[in-house]
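Here come two complexes built around chain A, the first alongside chain B, the second alongside chain C.
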Partner chain A sequence: MSMEIKSIQKDSLDKLFNSLKSRGNLIYAPVKVKNEVQFDFVEKFEQITDDFIQTTQSVKNSVFPKIETLFKFVKTGKEVKMLDMDMSLIPEIVIWGIHPCDVWGFDSLRAIFTWDTHDMFFEKRMDKLTIIGMSCAKADDYCFCTSVNLGPGSTKGSDVLLTKTGNGDYIAELVSDKGKALATSMPDVFVQAVQSKKEDFLVVVEKRFDSESLIPKMQKKETFDSPFWVTNSLRCLGCGACAYVCPTCACFDIQDEGYGARNIRFRCWDSCGLKQFTIHTSGHNPREVQSQRWRQRLMHKFAYMPERNKVTGCVGCGKCSRACPVDMNIAEQLQEIDQKM
Partner chain B sequence: MDSLRRKAQQLLESKEVDCIIGYNEGSSGNVHAGFITTPGQAEKLIFDDRCKQNLGVYLTKHEVMRLGKLAIVAPVPVMRTVLILTYECQIVENSVKVLGIGLDGQFLDFNEYADIEKYLTDHCNEHPEEDKKLIEKISAMSVEERWDFWHETLKPCIKCFACRQACPMCYCVRCQVECNQPQWIPVQSSELGNMEWHFMRAMHLAGRCTGCGDCGRSCPLGIPVHLLTFKMSDVVLDNFNTKAGLTIKEPSTLSTYKANDKETFIR
Partner chain C sequence: MSSIENIYKPYLMRVEKITNEAPDVRTFRLKFANPEDAASFSFKAGQFGEYSVLGEGESTFCIASAPTRKDYIECTFRRVGKVTSALSKLEEGDTMSFRGPYGNIFPIEDWKGKNLLYIAGGIALPPMRCVIWNTVDLRQDYKDITILYGARTVADLVYKHELQEWTDRPDIKLVTTVDPGGETPDWKGEVGFVPTVLEKMAPSSENTVAIVCGPPVMIKFTLPILSKLGFKDEDIFTTLENRMKCGFGKCGRCNVGKVFVCKDGPVFTLAQLKELPQEY
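What follows is the complex of A and B.
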């Protein structure tokens, strides 16, 4: 697929926003909340900010909500009636200003949610997305996208990728058919490409390791058995922070909740870092201690998913490291494994 | 710091302890907990304003307990943690060597927990000024305003339980939020569910909080949940004139523990 390139002048970005909005889309965009920037549904263009390196949480909530009601059930006497969710209520969402790492997170999620059984909630939500990515002009030393085959200007997964140029205008790469159709439908917004080179406006992200070399190392039995895991996770507290902020972590729990006769079954986020995650009804826990859980987290992303799903389960965003209360730095640990194993 | 490192080195050389839990330089200008097991590593120990984590949380973690006899670098909240854990039968009196750091930053070499009790009688930590101000502000609200305040503040909570896991007093083998037969607290992170979770947490820590602030500090979303337990400490102080973790001889004000309790679910 050849990529078409257009440009958007700085004053027409709000036109793009308003047109998308008037077509009935919900717009999920980065907004400033207290000291942080978070994705939220926005009403006005002015609410959006592009002044951030990373949001604390990923955007996975848009396709893998922290709570997804799977069905409802109503009890009347001895009768139980099941009520399916109305899938037609799932809205069209435009994800606006999302960075390339977060965009590619959807691909990891897709690999998991369509691996054998196709998860209809996930797929339906995914179908309804339009992704307007934004290249990165800033990074910090938690970022390591270039170590996992991505980069600050990676177009993978976006429908349109915008790069802000020196004068404030945007280079608009039309990556997918959806992106091309969008541009065609708004000829006054997507105008003739300018002569700037996108690379000039991207931040440089140092490569910490090479996933091509790391993955086979992670898959070795000696790595699994290495004392590395205990030594490097003694301080891990076993919470869910790293998994909940991660764009690719897909573990969930399924629970029922009742309000008298009205009940719901839902799935909600869960984490392999939590002690309860693998506990059996008998009380036996195959992942008895935290080092096994920390190992699972990295192994799942860098050994099992590459083998089973043909993708790396990490996009190098560094959100987990920033969120971790005890400075468990994933890039640092992966780098060490790549160097030593 | 030199005296701390020297002491650490000597403890490891003489094999008096097997591991020292302290603070090390971390990534991106952070510090993090370090587990020092050889005399040569003692020089990695640091102590400065960034060293805020309550390391007492590791005293009840299995893989740390397995390292052998422990010593711990202990600013005042950690000292209090050690005393509470001793009273609550999680550690044995004088079993963990305490390398104290006084309120003035000086190294304090405690021989036994009675010395810590003595030190704490007139060197207890107070809430930081900005937290005091916030607590005052919240306390001055009407009941309705306060409900709205907490409702809004806790709404973004994703129930990652970092606040619980960071707290050395939250060592229960099975937390009440994880009990589902019957279910006490909704599993989902919903508006009401979040409130219930945090009120429950605050109640379980009432009169047991050491004022370390780690719960609030560990929240990835910056929710100041420590204000709830700080406030509970104030309430306990006002009503009973007690503070948690100043002695190993008495139970915390609102909870008691009997080793011979006839209920078997209490361990």
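What follows is the complex of A and C.
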């Protein structure tokens, strides 16, 4: 797909926001909440901030909600009736100002949710997304997007990618057909490009390792059997925070819940890092110690997904490392594997 | 599969018949509540499903009836956890749900013209019953069919009626055994652990496939004996029972190495298992 480049003047950005809003979209954008920046549904352009490196949480909630009701059911005496969810209620959402790493997280999720069998909840929600990405002008030591074939200005997965230039105007790359259509529909916002070289405005993210070289190493039996995993997970609490904030972690549980006549079966986030994830009713647990569970998390992302789902299950955002209560750093560990194995 | 289909939505099933097999072990014969579902449903030996009392969650069992027996499916389960406790409380005529079939199959086409040696322990006969009946129903396609089945005690043997039926058939060789101390005064079968009895039986590995399913300790001691008898790793089959939720390779629970037990299994050869990390 050939990419078109336009410009958006700094004063026009709110026009873009208001047009999208007036077309009935919900807008999910970064807002400042106390000392953090989080994505939330916003009503006014002024609520949005672009002054952040990473949000604590990813935006996967928009297509893979923490709790997704799969169907409802009603029990009357011995009769059971199942009721479908009304998929037409899924709203059109614009994800605004999302960084390239988070954007590419959707690709990992898609690889899982459309693998052979198609998950209609995910697909429907994904169809309703418009993604307006924002290149990164800032990074920190936790960022490692360049190690996993991404970068602070990566257009992969965005419909439109904005890069803020020195004078405050934006370079707008129209990546997808959806992005092009959006630009065509707002000719007064997307104007002729005055500037197209975004590299000068991107932060430099040091490459810690190379996923192309790391993946075959992760797939070696010696790596799986290495004492590395015990040594590097001794302090892991098994809290699951890493999976909770991860843009690509897709493991889930299926549960039933009843509120009188209102019963639902739902899917909710789960994590391979939690002890209960694999435990059998008999008490047998195939991954009985935390080092096995930590190994599973990294193996799934860097050994199994590349082979089975043809994607790397990591976008180098570093959210897991920032959220970890005992400061386990995924980039450091992957770097060590890439260097030593 | 169409993308507008809700892959999580189960079939509603009517519990047609309940058989008490052993203490806390029951077999349900299930019929589709909707005749259209019954008409479109098909499965093959080795596949599994998610069974549920709506409101109590889902539980994973192999389909225990043979695909050659139409109109119904059966499952056999032991009351252990939340879902199986809820299932245990159901009565004939009640409604429950079923999702499936999922997973791969026993390659019974490839076994044609061979001897079949089934080895099962305890509650692991149910996941094997489907393929046993399937091959017994196609009896002329196979040479000798031998079944070795062991349980802790006589009371713990499941499918007692069928064990009798297999005993009475001249074209099936059935050996039953109970653990020492588990016998009753009138017990006519063997006394001893499955691996020990297998060693004594010493079945030929010539043109034979072995299908083994049982508790980990039984598997652990049975496999070396099969190897000693000359069975190749490619000719030893088993079905894994990892914890599962979705059944189609998404929820992540049954991931072992690069394999998903629900998608790539549950049927594996010993040769395939040896390639996997021991996380099952």
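FYI, the second predicted complex is superposed on the first by the 340 of 341 C-alpha atoms of A that agree within 3 Å, B and C clash if a C-alpha of one lies under 4 Å from a C-alpha of the other, contacts with A are read in each partner's own complex, and residues count from 1 in each chain.
In this section, a contact is a pair of C-beta atoms (placed from the backbone, for glycine too) under 8 Å apart; a residue touches a chain by one contact, two chains touch by 3 or more.
Every value quoted in this text rests on a predicted model; they were computed, and no experiment measured them.
In the superposed model, A:Glu123 lies in contact with chain C only, and not with chain B. When the shared chain is aligned, chain C comes close enough to touch A:Gln296, but chain B does not. Contacts of A:Asp253 after superposition on the shared chain: both chain B and chain C are touched.
Once the two complexes are laid over each other on the shared chain, residue contacts for A:Val191 go to neither chain B nor chain C. Once the two complexes are overlaid on the shared chain, A:Trp115 sits against chain C while remaining clear of chain B.
Of the two partner chains, chain B is the only one that A:Asp327 touches; chain C does not reach it.
Residue contacts after overlaying the shared chain place A:Ile5 against neither chain B nor chain C.
Where the contact sets of chain A with chain B and with chain C meet, they give residues 253, 255.
Residues 34-36, 56-57, 66-67, 140-142, 230, 234-235, 237-241, 243-245, 253, 255, 257, 266, 268-269, 271, 274, 276, 288-291, 321-323, 325-327, 329, 332 of chain A are the ones touching chain B in the complex. Touching chain A in their complex are the following residues of chain B: 26-28, 30-35, 53, 57-58, 61-64, 158-162, 164-166, 178, 180, 183, 186-190, 214, 217-222. Across the complex, chain A is touched by residues 1-10, 12, 52, 54-58, 80-81, 84, 93-95, 97, 216, 241-243, 245-246, 248-253, 255-258, 260, 263, 277, 279-280 of chain C. Taken in their complex, chain A has these residues touching chain C: 70-71, 73, 75, 78-80, 82, 84-85, 112-113, 115-120, 123, 224, 250-256, 258, 263, 265, 267, 270, 272, 277-282, 284, 286-287, 292, 296, 299-300, 303-304, 307-308.
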